[in-house]
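Presented sequentially are two complexes of chain A, the first with chain B as partner and the second with chain C.
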Partner chain A sequence: MTRLRGELIRLPLYLAGLTMLVPFYWMASAAFKPVPELTRNPPSFVPGDPTLDAFYEPDWDPAVRADQVVAGLFQRYPDVPGGFLRFMGNSLFVAATITVLSLLIAALAAYALTKMDLPGRRVIFVVVVASMMIPWQVTLVPNYLIVRNLEWLNSYPGYIVPALAKAFVVFFLVQYMRSIPDDLVHAARVDGAGEFRIWWRVIMPLMRPALAAMAIFVVLAEWNNFLWPLIIVQDDTMANVPVALSRLNASNAFNPHNMAVIMAASLLTSLPTVIVFLAFQKHFTRGIALSGIKG
Partner chain B sequence: MQARTLAAALATMLLAAGCTTTGAGSAPQEGADGPAELLFWNTGSDEQAAAMQAAADRYRELHPDVTIKVQAIAWDDGHAKVLTAATSRSGPDIISGGLSWGIEFGELGGMIDLNRYDVSQARQQTRPELWNSITSPGGAVYGIPMDMTLYVFYYRPDLLQKAGVSTPPATWAELFTAVDKLKASGVPTPLVEEWGTFEWLPWFNYLKQAGGSLYSDDCTQVTINSEQAVLATTTWADQYRRYGVPKATVDVGAGLAKGEYAMAIGASYLAGGFDSGQPALKGKWQTAPLPTGPAGAGSFVGGKIVGAMSYTKYPQAAADFVKWLYTDEAVEILQREVFTRGGELYISPRPELLAKANASDNLKQTLQTTLDSVTGPPNCKGWETSGAEVSKRLQAVVNDDADPRTVLAEAAAVMQGNLG
Partner chain C sequence: MTAVLIDKPPTARPAPAGKRARWRRAVPGYVMLLPFAGLFVGFLVWPLLNALYFAFTDFNGVRPPSWVGLENFGRLWFEDQRFRTALVNSVIYVACTVTLTTAAALALALAFRGTSWRDRVMRTIFFLPSVTSTIAVMLIWRWIFSGERFGLANTVLARFGADPVSWLSTPRWTIPLLVLMAVWGGCGYGMVIFVSGLNAIPEELYEAGRLDGANAWQQFRYLTLPQLKPVTTYVVITGLIGAFQVFEAVYIVFRAVSSVGGVQDSGLMLVPYLYDMGFTKFQLGYASAIAWTLFLIIFVISMIQLRVTRALREL
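Here is the complex of A and B:
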């Protein structure tokens, strides 16, 4: 009885949750609708005649214009090797690299700030925390100028290097690392281990929950990053998925039949984030609980 | 959307930063004698870029030393991206973008004054109203018109006839009479507006039709606070207050197809998507020039400019290609390819070639008539900055019942301040 009452109380939450899924469902179903069905008004909720045309349109011929026939997602970007998959590959490579490297760097910084007898470490930590108060957009201009002068525009280093220093991750890992007893470090030192070895062999295994929580935040943020790639990318082959989606959206203004293609691209784009979320759901929830980050 | 705003802000900040740094890309400019590889950022859809690439490929056949790669950049992000390129002196050799972009980026030193490469032929072939819009107050031409977007009056003849309206409204009075009749006949929203909905753009049409202007011809005076502008503003505001024109952007094709809308004032590019996007609308829609006001016809013309960036290593080659886009052959390619690849209508800045466009006779006739009364965006200093402020004040007439004279005086003060 008590359980039933509890479920009834949660009912509005379930309904709200379902409501939030509607746009995602709409995107997914629209990607598989044939064009006449997609443009029908009122719209259908379930595809009556599912098709993969939005991904690959067999009837599309670049030399012949036919109403209701537009190039599928994988037939676009003929000048870009791999087409849309190249953009996904760019996003995946950049997000993965930044996630791994920024976590390693942040973990090293956190170790130095918590477990080493570093002169002025309190001041350094305060500076790191204070830097979180500076809007990240403020650093865009200096970052851009540095990247340009290094001739890293339109390159992976241009994507990756400016994103490696993440003050929040350092702050989070410092907080977590403080909960690890210093005795472990002292014992390792007595056994003759060097600082790097202690960090890698003793501390890092214990940091796994915190690293996993941060990894999810970083990978999602980098996967969705739009502004920085928009500014530094000058060649189609270097574009990431958000930039490509923005461009694809422009085609829809002139021909509504591109809507299905946009939905197909959006679906493919969101799948990795959904997979990451489902796979690391527990860490994600824990990360929110630990860091106090909200929606 | 926030990211795009940030992109614009970033680019603006780069102005200041760029002024104090030496550009890594500021290599000495070379002539066009040697082989040139040009990068062209074409603002618009992927299909438009592909059409431009087809033109560029033809140009290469004629000029084997010049290779041009065309890339699409989206309208939403294009301004920030090109501004970044212009201020950092790194990026494409050629760009296309909004009609006002040439003056804006050119005055920042990011684009070449094409007068150095003799664009007199293009000037002669373009309507003077359009050419004035892209000429800086100092006479520089940083980008020449590449295509045009015109305002078109779309309507459903069957719905009009059912409501007792035999011909498309030709005047303001006829327009609003038609709205009343259509409403009475059961059309829920007789008139809608698209392309700058509830912004200064459609208001500008009323301003011209009332005989008003934003600035004096020589850009020395702000003229928005005239009696003609008061009339235009009142009429424009009455659309929303009395005649139920939606303030939010609407899907014109879907509304016309369902019979929810009977008339729409919108951009010429809408026409390309009606038949394919709304099969139920096929054969049911027609076009006409915008209804006229007390001063006669008047319509805003938009579109794109194309120009060469100041840091390009190949200014001569870039300028030559830009000029070549005015040839019969280039226009023909663009008309064909834009239609084939995107189902769109390409309206060349050379009005005499409109007859060859892929469009119905009715639409071509409408566009031809409209061309006789077009005015482009002002080329006066500070208009780019003032536009949004002017829109806000105009909207206050509808949203807050503000007095048109007061808001126009406020708008004039803003524009005068930006005019310097």
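Here is the complex of A and C:
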């Protein structure tokens, strides 16, 4: 009986869960609808005649600019080699590089701050933690100017270098590294290992769960990053997926025929993140829980 | 912000040695800190100070900045009508978003805190928006609330015999829609934190409560809620900070032809205004004053959090 009552109380939440999925469903189904079906009123909930036209439209002819036949996603961007795949490549490259480098840098710093007797490390750690409450948009204008002066606008270093120092990652890794016994480090020192060696061979393997949690965090955040790329990217070729998506939207805002293409692009943007999340869900939620619970 | 500082005594300290020996031993440590410290100073501390300097200058990014003292802040805080709109919008949006998101997150955590198959599926569903590209999500919303008859929201309305609403160009609807999108997108994140908070509460408390005859509501009110206080504070504070920084939703869904902030600036908030001033109007000094104002707001909130958590610990 109590079981049944519990389920009854949960009923609204099940319904909420169902409505949570509606936008995703709408996106996925729209990506496969032919143009006339998109603007039909009332709309169809299942594509009556599923098609891949939004990705590649065989009838589209660049010479004829007809309103009824719009170019598929992979036919757009004639000046960008690779088209939409290029944007996905940009996003992937930038996200992967930032993740690997920022984790290495942060893990080095966390090791020095927890396992070594550095004069002033308390102060350093307090400064790092305090910096976490600075909204990063405050540094937007100066960082834009720095990157412009370095002539890194519209380039991979412009994406990557300013994003490498992540105070949050250092904080998280320090918290985790404290749980590793210092005796391990002592023993390695007695055996004559240098600090870098201890860091790489003893500590880093033990840090794997924490590094995995942070890696997923950083990868997703960078893949979805929008405001910074929006500012430093001028040339379509260097756009990442979110910027390309927003430009696709801006240039076609008033043509409903392009909606299927925009939804197809949204689908291709979201799918990788959802897959990464589903595959590494355990690490990811643990990362959030660990960072949140120690308030 | 979490504030757990080094609370253990310094570890890894071998037999007492001279001060100089200690410094010498520390050299590899500083070398290991160097990459992080260099980037941290170069792209965070230095820009932060620069932003502070620019905030007191008239600067368009081309001519060198010229010092104007407090003029930017004076204009921003006391004269600028658009900033007032942005601030009021932000405060309303933040208040509604954080309240609703926290309540929804707590309800979800209570309902789906277990390890059963059902609970995990439901948690995944509610968490999905947090990992999906914000831009993609915003484009979907934009279409769902499209003013035409094929927009999903209007289709549902038509089912009930109502007239279509032009959601995106009616200023009255801007903030409610932004709040809806934020709650949809944010409740899963809070839920995960609440779930781990709930699972950290010792089961004995509930056993004792049941022995004393507490019913489900009393257990929730007198055991769960007080135990969850630090977690709730964390969810609320990070929610506040995040909500004050909203940008994509305004920029993608509501950007009007001539303005970043939507029709009649109905969706203008702090970061969109910062972007508008800095990167479409190139008033970089003024934009820096907005940025520092945002910083001050978030600083005050963080300080309140520190106070509250300290007070809670003393209880």
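Just a few scattered comments:
Please note the rule applied: the second predicted complex is superposed on the first by the 276 of 295 C-alpha atoms of A that agree within 3 Å, B and C clash if a C-alpha of one lies under 4 Å from a C-alpha of the other, contacts with A are read in each partner's own complex, and residues count from 1 in each chain.
As a working rule, a contact is a pair of C-beta atoms (placed from the backbone, for glycine too) under 8 Å apart; a residue touches a chain by one contact, two chains touch by 3 or more.
All values derive from a computational prediction rather than experimental measurement.
When both complexes are superposed on chain A, chain B and chain C clash.
In the superposition on chain A, contact is made by A:Thr39 with both chain B and chain C. Legend: residue contacts after superposition of the two complexes on their common chain; A:Met132 is shown touching chain C, with no touch to chain B. Once the two complexes are laid over each other on the shared chain, residue contacts for A:Ser246 go to chain B and to chain C alike. In the superposed pair of complexes, A:His186 makes contact with chain C only, with no contact to chain B. Shared-chain residue A:Arg5: touches no atom of chain B or chain C.
In the superposed pair of complexes, A:Asn255 makes contact with chain B only, with no contact to chain C.
In the superposition on chain A, A:Pro62 contacts chain B only, with no contact to chain C. Of the two partners chain B and chain C, more chain A residues are in touch with C.
Contacts of A:Asp236 after superposition: chain B is touched, whereas chain C is not reached.
Of 3-11, 57-65 or 219-227, the segment of chain C whose C-alpha atoms clash with chain B in the superposed model is 57-65.
Shared interface residues of chain A, touching chain B in one complex and chain C in the other, are 39, 41, 137, 140-142, 144-145, 226-227, 231, 246, 249, 256. Contact residues on chain C toward chain A in their complex (touch as defined above): 1-6, 8, 10-13, 22-23, 25-26, 28-30, 32-33, 35-37, 39-40, 42-48, 50-51, 54, 61, 107-108, 111-112, 122-129, 131-137, 139-144, 146, 148-150, 152, 155, 158-159, 184, 189, 192-193, 195-197, 200, 230-231, 233-235, 238, 241, 244-245, 247-248, 251-252, 271, 274-275, 278-279, 284, 287-288, 291-292, 294-295, 298-299, 302, 309. For chain A in complex with chain C, the touching residues are 9-10, 13-14, 17, 20-24, 26-27, 30, 38-43, 105-106, 108-109, 111-119, 121-122, 124-126, 128-129, 131-135, 137-146, 161-162, 164-165, 167, 170-171, 175, 178, 182, 185-186, 194-196, 199, 220, 223-224, 226-227, 231, 241-242, 245-246, 249, 256, 259, 262-263, 265-267, 269-270, 273-274, 276-278, 281, 284-285, 288-295. Those residues of chain B lying in contact with chain A across their complex are 3, 6-7, 9-11, 13-14, 17, 21, 23-25, 39, 44-48, 50, 69, 71-77, 80-81, 84-85, 88, 90-92, 253-254, 257-258, 269, 272-273, 275-279, 339-344. Touching chain B in their complex are the following residues of chain A: 36, 39, 41, 62-65, 67-68, 76-77, 79, 137, 140-142, 144-145, 148-149, 151, 153, 226-227, 230-231, 234-236, 243, 246-251, 253-257.
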